[in-house]
Amino acid sequence: QVKQQIAIATAQELLTKISEKCFKKCIIKPSSSLDSSEQKCIAMCMDRYMDSWNLVSKTYSSRLQKESMR
Amino acid sequence: PQLQQFLQIETQKQRFQGLVHGLTDQCWDICMEKPSSRLDSKTEHCISNCVDRFIDTSNFVVNRLEKTQQFASSSELDD
Amino acid sequence: QVKQQIAIATAQELLTKISEKCFKKCIIKPSSSLDSSEQKCIAMCMDRYMDSWNLVSKTYSSRLQKESMR
Amino acid sequence: PQLQQFLQIETQKQRFQGLVHGLTDQCWDICMEKPSSRLDSKTEHCISNCVDRFIDTSNFVVNRLEKTQQFASSSELDD
Amino acid sequence: PQLQQFLQIETQKQRFQGLVHGLTDQCWDICMEKPSSRLDSKTEHCISNCVDRFIDTSNFVVNRLEKTQQFASSSELDD
Amino acid sequence: QVKQQIAIATAQELLTKISEKCFKKCIIKPSSSLDSSEQKCIAMCMDRYMDSWNLVSKTYSSRLQKESMR
């Protein structure tokens, strides 16, 4: 249950961050609808944000491992 | 059950107001230039569009995550 | 009591935000006192921030209503 | 009552330090250009003015809210 | 003791993920220009360097504080 | 114990802020190592941040005292 709660918290935090960051990157001037180029930008932005999250996670954990071996 | 329902409604209100604070913060930075003696219609449109597009963005992100199920694979990392 | 606590929390959060945002908008270079043009700017900024808060609240709740009807 | 008083004082200290952290963060961004080998008097003045003007701003906002009672009308929204 | 250990591990995981969220946020702002169809190698290098240099910075700050013991004198303020 | 917890919380918050602020000030483009000029910058930045923290703390508490005397 604790495990699940953390997984849910991580997912929600990730969702919130993606919405914030991609809104900032892709919607420069909010207009009356989300046009197709904005949608395309959000889709790419979202994939890149998750790539970055995974890369940060990998880099950070390999660093922690290196430091614990010293 | 009445107390429970009351607390549930109040919790929802609190969540709602938290989101209103966050959206006002963000849309203020995007839409407000120099504060003037009243909220002009340009700024007004910008703010209501900003709120609606932000919700569109969140919905788009959630729907796309559910569709591609990248979500599932990304949350597998926790193990 | 819960109701009141939330109202107080909302008011405090609003006050904190207004101070932060209007300090940023109106006090470019902090000097030895708050001059009258800075005070005028803070007064207007504060009113516009509350207008914006009310507008966001209205827009957001009408959107929630629309979505719940689908 | 001693324990209660002790906890109350510690809570106040914590609130004080929370505000010091927030003000340092904000005034650092406004006043510090390139960090140098000591805190020069220009930056020093900027920081202490920044703290005092921020408190002036907060006080001004609170007083004006109380006067115009817009506060009351804006918090009626919660119902 | 098993439950305790389990909770300890989960708390560590949570702390780890909190740091990953914070670092992704910060390094995204530094490294990502316009999101494109894949993570190019320049952005990839920038992000992993960003994470490593941030940890270097934190370690440097902690070590230097311990050495100069300014830490001790700055925390005496609490009294 | 409460006292100690607050002291630890303050120290940790200070450490986190210093790392964040000095990383931003001193590392413009993250490279493959922390070079000596970046280290020198972080060292000065750290000292200035603590000076600022102490100055803010002093200014704020003397202001509080003045206001409580009114």
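Things to note:
The letters A, B, C, D, E and F name the chains in turn, as written, and every chain counts its residues from 1.
Rule of thumb we're sticking to: a contact is a pair of C-beta atoms (placed from the backbone, for glycine too) under 8 Å apart; a residue touches a chain by one contact, two chains touch by 3 or more.
What you see is a predicted model; the values in this text were computed from it and never measured.
Graph distance from subunit A to subunit E, where chains that touch are one step apart, equals 1. Under the touch definition stated at the top, subunit D and subunit F share no contacting partner at all.
Among the remaining chains, C is positioned farthest from subunit E, on the basis of C-alpha centroids.
Chain centres here are Cα means. That of subunit D falls 27 Å from that of subunit E.
A separation of 16 Å divides the Cα centre of subunit E from that of subunit F. Multi-chain contact residues, meaning those touching two or more other chains, occur in subunit E at positions 13, 17, 27, 31, 52, 78.
Multi-chain contact residues of subunit A (touching two or more other chains) are listed as 3, 6, 10, 14, 22, 26, 47, 53, 57.
Beginning with subunit C and heading toward subunit D, the contact ring passes through the chains as C, D, F, E, A, B. Against subunit A, the residues of subunit B that register as touching in their complex are 26-27, 30-31, 46, 49-50, 52-54, 56-58, 60-62, 64-65, 70-71, 74-75, 77-78.
By the touch rule above, subunit E contacts subunit A in their complex via residues 6-7, 10, 13-14, 16-17, 19-21, 23-25, 27-28, 31-32, 34-39, 43-44, 47-48, 51-52, 55. Those residues of subunit A lying in contact with subunit E across their complex are 2-3, 6, 9-10, 13-14, 17, 21-22, 25-26, 41, 44-45, 47-49, 51-53, 55-57, 59-61, 63. Contact residues on subunit A toward subunit B in their complex (touch as defined above): 3, 6-7, 10-11, 14-15, 18-20, 22-23, 26-27, 29-34, 39, 42-43, 46-47, 50, 53-54, 57.
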